[in-house]
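Note that the chains are named A, B, C, D, E, F, G and H in the order they appear, and that numbering of residues resets to 1 at the start of each chain.
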Amino acid sequence: MDQDKLRMLLEHLQHGKTDIEEVMERLKDLPYEDIGFAKVDNHRELRNGFAEVIYCAGKTPTQVQGIVQVMRRDGASILGTRASKELFKSVRAIAPEAVYYEDARCIVIDPKKKKQEEPLIAVVCAGTSDIPVAEEAAVTAETFGYPVDRIYDVGVAGLHRLLGEMPRLRQADVVIVIAGMEGALVSVVGGLVDRPVIAVPTSVGYGTSFHGITALLAMLNSCASGVTVVNIDNGFGAAYSACLMLKMNERRINH
Amino acid sequence: MDQDKLRMLLEHLQHGKTDIEEVMERLKDLPYEDIGFAKVDNHRELRNGFAEVIYCAGKTPTQVQGIVQVMRRDGASILGTRASKELFKSVRAIAPEAVYYEDARCIVIDPKKKKQEEPLIAVVCAGTSDIPVAEEAAVTAETFGYPVDRIYDVGVAGLHRLLGEMPRLRQADVVIVIAGMEGALVSVVGGLVDRPVIAVPTSVGYGTSFHGITALLAMLNSCASGVTVVNIDNGFGAAYSACLMLKMNERRINH
Amino acid sequence: MDQDKLRMLLEHLQHGKTDIEEVMERLKDLPYEDIGFAKVDNHRELRNGFAEVIYCAGKTPTQVQGIVQVMRRDGASILGTRASKELFKSVRAIAPEAVYYEDARCIVIDPKKKKQEEPLIAVVCAGTSDIPVAEEAAVTAETFGYPVDRIYDVGVAGLHRLLGEMPRLRQADVVIVIAGMEGALVSVVGGLVDRPVIAVPTSVGYGTSFHGITALLAMLNSCASGVTVVNIDNGFGAAYSACLMLKMNERRINH
Amino acid sequence: MDQDKLRMLLEHLQHGKTDIEEVMERLKDLPYEDIGFAKVDNHRELRNGFAEVIYCAGKTPTQVQGIVQVMRRDGASILGTRASKELFKSVRAIAPEAVYYEDARCIVIDPKKKKQEEPLIAVVCAGTSDIPVAEEAAVTAETFGYPVDRIYDVGVAGLHRLLGEMPRLRQADVVIVIAGMEGALVSVVGGLVDRPVIAVPTSVGYGTSFHGITALLAMLNSCASGVTVVNIDNGFGAAYSACLMLKMNERRINH
Amino acid sequence: MDQDKLRMLLEHLQHGKTDIEEVMERLKDLPYEDIGFAKVDNHRELRNGFAEVIYCAGKTPTQVQGIVQVMRRDGASILGTRASKELFKSVRAIAPEAVYYEDARCIVIDPKKKKQEEPLIAVVCAGTSDIPVAEEAAVTAETFGYPVDRIYDVGVAGLHRLLGEMPRLRQADVVIVIAGMEGALVSVVGGLVDRPVIAVPTSVGYGTSFHGITALLAMLNSCASGVTVVNIDNGFGAAYSACLMLKMNERRINH
Amino acid sequence: MDQDKLRMLLEHLQHGKTDIEEVMERLKDLPYEDIGFAKVDNHRELRNGFAEVIYCAGKTPTQVQGIVQVMRRDGASILGTRASKELFKSVRAIAPEAVYYEDARCIVIDPKKKKQEEPLIAVVCAGTSDIPVAEEAAVTAETFGYPVDRIYDVGVAGLHRLLGEMPRLRQADVVIVIAGMEGALVSVVGGLVDRPVIAVPTSVGYGTSFHGITALLAMLNSCASGVTVVNIDNGFGAAYSACLMLKMNERRINH
Amino acid sequence: MDQDKLRMLLEHLQHGKTDIEEVMERLKDLPYEDIGFAKVDNHRELRNGFAEVIYCAGKTPTQVQGIVQVMRRDGASILGTRASKELFKSVRAIAPEAVYYEDARCIVIDPKKKKQEEPLIAVVCAGTSDIPVAEEAAVTAETFGYPVDRIYDVGVAGLHRLLGEMPRLRQADVVIVIAGMEGALVSVVGGLVDRPVIAVPTSVGYGTSFHGITALLAMLNSCASGVTVVNIDNGFGAAYSACLMLKMNERRINH
Amino acid sequence: MDQDKLRMLLEHLQHGKTDIEEVMERLKDLPYEDIGFAKVDNHRELRNGFAEVIYCAGKTPTQVQGIVQVMRRDGASILGTRASKELFKSVRAIAPEAVYYEDARCIVIDPKKKKQEEPLIAVVCAGTSDIPVAEEAAVTAETFGYPVDRIYDVGVAGLHRLLGEMPRLRQADVVIVIAGMEGALVSVVGGLVDRPVIAVPTSVGYGTSFHGITALLAMLNSCASGVTVVNIDNGFGAAYSACLMLKMNERRINH
């Protein structure tokens, strides 16, 4: 669909020749913006629920700046993940309102206004070393407008620490569990709650932890039902899925 | 908590010494029933959202019969997965109302009454050989009371088949995508919808498909956001998670 | 050391030319008995703490019969593991006092008399399908003369089942934990007791459980300290190690 | 040594101009040039279709200079792959006409004259990070004399970007598809064209992308027919094969 | 595109409102035929170059019969791979003209008329055990209308056997090389010809041959340029790609 | 249990309303101390037998300082493993009595007073490169109060070196065997002693030693009975388990 | 074709008895015999030291009969490995002098006359289950004419059994060591002798023995020098190499 | 055996109470020299055929110096492998006669005098990048006193280069073949010679070469008989084995 057709479509809407549902439907086929080294997918929010997110690892500062400029011009919320502090500086140079979350290694511009207290995502992690991944998840969810309850360092070697946080856990609508090593926390949490659990294996550990593979395998084989899994260290992906679940929720409520 | 304490708790409720919320909370700590070879977890629905499901693979007919008898006595909906036709016969001998779904290899007794048309789970699969896993997912969801739309044999080698089903896909609240071989269907679906996508790799393929590992890895690395993954051939687990998402949804609506 | 030298050594003892400690020491270098297809290590109890055990898998009935005859002639306790019922029948034909433990797939002849109530080995397993491995461990320990407390079907998906058995767990001197799938039970038990925990991964599961590799890896990476691990399905090896720990214990007490 | 020279050698023997020992020796000795650390295969073009290519990784500047000098003396087109900018400088010192392609990490000397517009190789890649591999393929093909159409950043997460390029794709005679992560682009392209597709997995991704193994496995298991695969990041190899296909083509046309 | 639109399109052609090229183009978007358990992709030949092929492994006789009936009604050439003799019998019951190739495990109905002597595909295999895969490749190519030269049992352990077949090898336009164990034949052939080489690893071998993985890895790392690889035992896929290369060739010739 | 309840419990003890056993039991449920980035498990010694140990890898100096301060305030023995010399300096800044063991990479504060000569742990290693892991084990055991006999560089390639140390080996109550490469030392030691053997694979080796995986696999498959295994390079874990074995021992003796 | 025949061929050319085309053709055509499904390499003894050996696994009785007939006609010694008893019967039907070695699964026809007592190959194996592989090695060596000393069931768990056989071991010129599980026997033997050691891993074991991979890896990483390794269960290959070593030996002696 | 016993033994020899054979035999049980961090095995030459070799990787300069001093005092030939140039400098400081081979990364002191021209080891490698491993093998053999013929850069992609070197290959008594990538050179050489072939996989390659695993697997599965394999990059080990083969040879000749 080119720009002319889009204009015509919107004029039809203006003059009552079509209705909003139809326009929403047609807009899902909108094209991308080609900036040479990348094709910015500027209607992803419409099609996929949330705006395109910039995975910064392996992109040059110039490339990230280019993408930020196009997205910012369109007024999208911007989330850049796996961003170094150096990269943040180049982004801030062209977007002074950008904020950097160091633990999470995320750049955020113009996040969605935080919604009311609920629905709520619990981000639970097993140990101190899992915090960077947990923060990537938490910042992602907050950028998309959902509140987060952080419950950290509750690994099963000291089970009482987790049991002590059960009331907070039971408040959540979706639970993201983040753990490295043997990832047993996922099964224990999965057995204690009646909410969807998204498990994120982390590359924390040594020897046969195999940079997160052991945790991943353990999570895929969890004896607790209701657990789904994302890639190693993919805090962003877990939060994205959690937000989609809550968004689906809202759609129903608004119906 | 033993039976006496439970009786006392309920008497307190009867006499106004406690309230329902408190009882609900305490019941979450109810014990299991020990039948020797197994400890039947008869309050799992209360704690985890759905009744315990019998994973029949590797259990003897006598063991399954024993578990079915305890659960049936308590009036629970019963779902037995990975059940052979022979096993079904022994179950029917003690529970004549049991139904067998051959494609899905599932035994169902007294499923939840089907709820209204929505919310809806789409179960999408790539090829004919993926159907058993897809049916395990579909029967699980239906047993738990959620309607399912089956969209089968829409692998990406013939992309037009999938694109032709987009309207049905967009109706769903949650999408379960089931594929073996290289699992590319997940990424394509993930890029086209704004709903949570649960990916199920299947052991379909040969050579380097490695009995589903290739599909699993591909799904974990999907370039589409909003995808979470379960174990190979785990149709049940995908449906369980999907139902938890919809249940969370209902809780909010009823609030 | 040949038989003559052995005779001479014992005569020296008889006549006061040496003492018992010396003879015990020298006997550790005693030779084996060569029966053609095998060299029966008939002083292993002296050297390694317990008599040689017959790993029956892959041996013909005739080979097992031959080894049993040599060991029986020497009055050793006999334990045959991974034994089919058919194999048992050939053994019983030459050793009518032989007993078969079906769940454990073990043949036992003339076990050590059960010692007093303590020290005690707890054999804990996660699910019904882990019972064969658990029984191999339990029967091994009992054959070597140590009492066992069986705590079965207490997987972490229903954590209250395990917590309900804590008093029994805390009675044990050594804890063997047996689990397949993601093996999370090991970490939870390891975090709750102050006893040595020996973890046995089982080949229970499907897909990415990889016939026990996932459970093995999880156990090797347990966040709980005090856990050591044996090969997949190696119930015998876990019990053997547990008995060595208790035997060391006795030696000290008797000192 | 071409067929003519071989025939001449044998004629010399027939006419007594040489003797048997000499022929035996020569027959073993097709003409490479031994420069100590390497044997330059200077008739590879005759035998394999294209001149030898210098894989620069792990060669010292002196070694590369040596090989370049021998090949240049023979007037061959020279292509050096996996070349750093530093290495290029040493090559330019002895061959001022050398050109460096930075994205592709290639050194080129005296490429074949670009042939007419057709036949045409399409080089398609999924994301920005795949561009270096794509450029290695493109520069290789161009050095061998074939035109290339670059279609970049068309990963399936935004399927409309790929569908928008279908007309260009359908112009190509051979399609090289380059992707990391889950490599789903290969299956989608393979299902849409009736040309040979050469798939190149890249080491782009993290966690379970396993430095390209996941993409490789996915491509080998593509549900689309007509796809063949090369080693991870092997843009050069894909282009070499594509050129052989087109060359075979020409041979037929010229017949 | 629905049937009405198709009719209209063809009427336009009839009345000169459009031309054949345009219709050919539009037909590429034709839909599939849904027969319940499968969606038969009856315009694949138009889109992908060759008709859909039935991968029989894991399909029931009834399913294969159903697909054969639809395809036969449309007059397509039919190729069924991985077909047992039993399956063939059910196919012959509804299609008496069906032919079975036992070594290749293929069912063929109405193959394309064999074209003239050229272009030619050489199918080369290393040992006797590789013949089934080689035959799958050969029968596939012949069914699609291309002549094949079979060069079997020329593994590198007896290099002279391969060198003796060089003249036949050099006649081919495309070479398919099939080998198990260490797959070295691919590199030797790749170094001797100037044609595209498609390598097929087979599951022939034992121990660390890992059912073809070793051969696959060796082929992906071939030191010879111009080699591309397909999945283990995928004789069909290699032939399909080879035919696409020759077809591309014809298109150019006919231009 | 909050502080008030704890106070009440202790008052009950003071006034004879409860006894020591009961208090000991209840104290096992004591809570942890939350210091923001970590939850210090300050009653682990009571529950698990030994105080919490700080795994320093991946923790910042500030984090380690914080944990040390809390533990030191409570008078616990402190062991920090995988600690660099730099980290030690920051710890010493706040705890001048801290000692650094360079080979073992351990920080120790206020170790338990060394107990009498026995029971004794033998720490055996195969080669010079295994010494760091061996020292981690030895320092851990000594910090927990158990004497250690170090028997180093006795790999089986020079079997006489090991046989020469048999008298020392036979003195030990528990044997820790540390080896990289093929780890054969474990099987040889396991066959020569009647004590529990804890095997620690190390990442020493190259090529197919796979950073310790080969040694690990070899140890898990040891033909000697009585061997249990810990993670690669996990000297700490082996010593922790050995100490638990000896502690269990003491409990019995004191009964 | 031996050197004399080649020389004669060239002399014919020199003297005009043949022409160039013919020589070119013949030179490519060293003398294998093509019997359709196989190319029998009947001058392998000349080129490789020993006659071609028939690997029977995966060959039909008819194929093996065909090869035997060609080789027998040429008077070669025949060795068929991995042969079932059924296969032997079909061979005996056409070669009544054939002998079957059941443990070794080998068919032998007309073995080389046993040479004098020396040089000698020691075949050493760890356990009873390794005997089939050991026998394949022993029968191979004996068929090629070299005497063998069998030293079986001397695994390192009972080290005294091996040490008791040291005098026999030191008599050997080459030592073949065969072991499954952790393969430690190889390192111990390698450290005790000054002869070449050829290690054969066997698929004996369970769980993480991975069908011989663990033994293979352990052997490749042996801390003893002078060890080389062959594929899992490849008793034949080990013996073949051992015989080549002794043959080289003879060549020197005869010089 | 302590020094006193050794003295007594030698006195017995002096006075005719024993003979040389007996002394040689007893000396094989001589002890090692314990220098704290290492036990130098100073009679290894007697027992294993060649003096202990110092694997320098992972040893500190001080440790290497210490070992060199002990060995040098005993007059042994010294070979240090995997030695950096820096390490060499510390060795030269205490042993000015030390020589450094840069390509081979070896330090040599007082090598055995080169023996006559034969027996001969051929060291063959596939490409320029394999030269360091080839040189490690060559320098090792030369240090042990055996002549080496280096045949480099003869990979199979240019088969004529290898065929051209056949006369040199056929001169060798043992052939060491060194290759990375797919290692096909081993099979081709193995099929052309009647000498023992020792294959050394190298870590040369990228992507799925997996740092030498692919080459290793290919070599273990070579279709050529008479090939044995050592660990990745283990040039030293291959040469050590080759020398043992030649030494065995000499023993026979001298008999």
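The rule we apply is simple: contacts are C-beta pairs under 8 Å (C-beta built on N, C-alpha and C of every residue); 3 or more make two chains touch, one makes a residue touch a chain.
Going by UniProt, the chains are A, B, C, D, E, F, G, H = NCAIR mutase (PurE)-related protein.
Please read these numbers as outputs of a predicted model, since none were measured by experiment.
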Required minimum of steps from chain C to chain D, each step between chains that touch: 2
Cα superposition angle of chain B on its copy chain E, in degrees to the nearest 5: 90
Farthest chain (mean CA position) relative to chain D: C
Rounded Å distance between chain B and chain H, as computed from the means of their C-alpha atoms: 61
Between chain H and chain G, distance of the C-alpha-averaged centres to the nearest whole Å: 25
Chain C residues counted as touching two or more neighbouring chains: 157-158, 191-192, 207-209, 213, 216, 220-221, 224-225, 231
Contact footprint of chain H on chain G as seen in their complex: 47-50, 53, 118-119, 173-174, 191-196, 198, 216, 220-221, 224-231, 236-238, 240-241, 244-245, 247-249, 251-253
Chain C residues touching chain A - in the complex, by the definition given at the top: 126-127, 155-159, 181-184, 186-188, 190-192, 205, 207-210, 213-215, 217-225
Footprint of chain D on chain H - complex, ascending: 128-129, 131, 152-154, 157-158, 160-161, 163-164, 166-167, 204, 206-209
In the complex, chain D residues that touch chain H: 28-30, 32, 37-39, 41, 44, 57-59, 63, 201, 203, 211-213, 216, 231-234
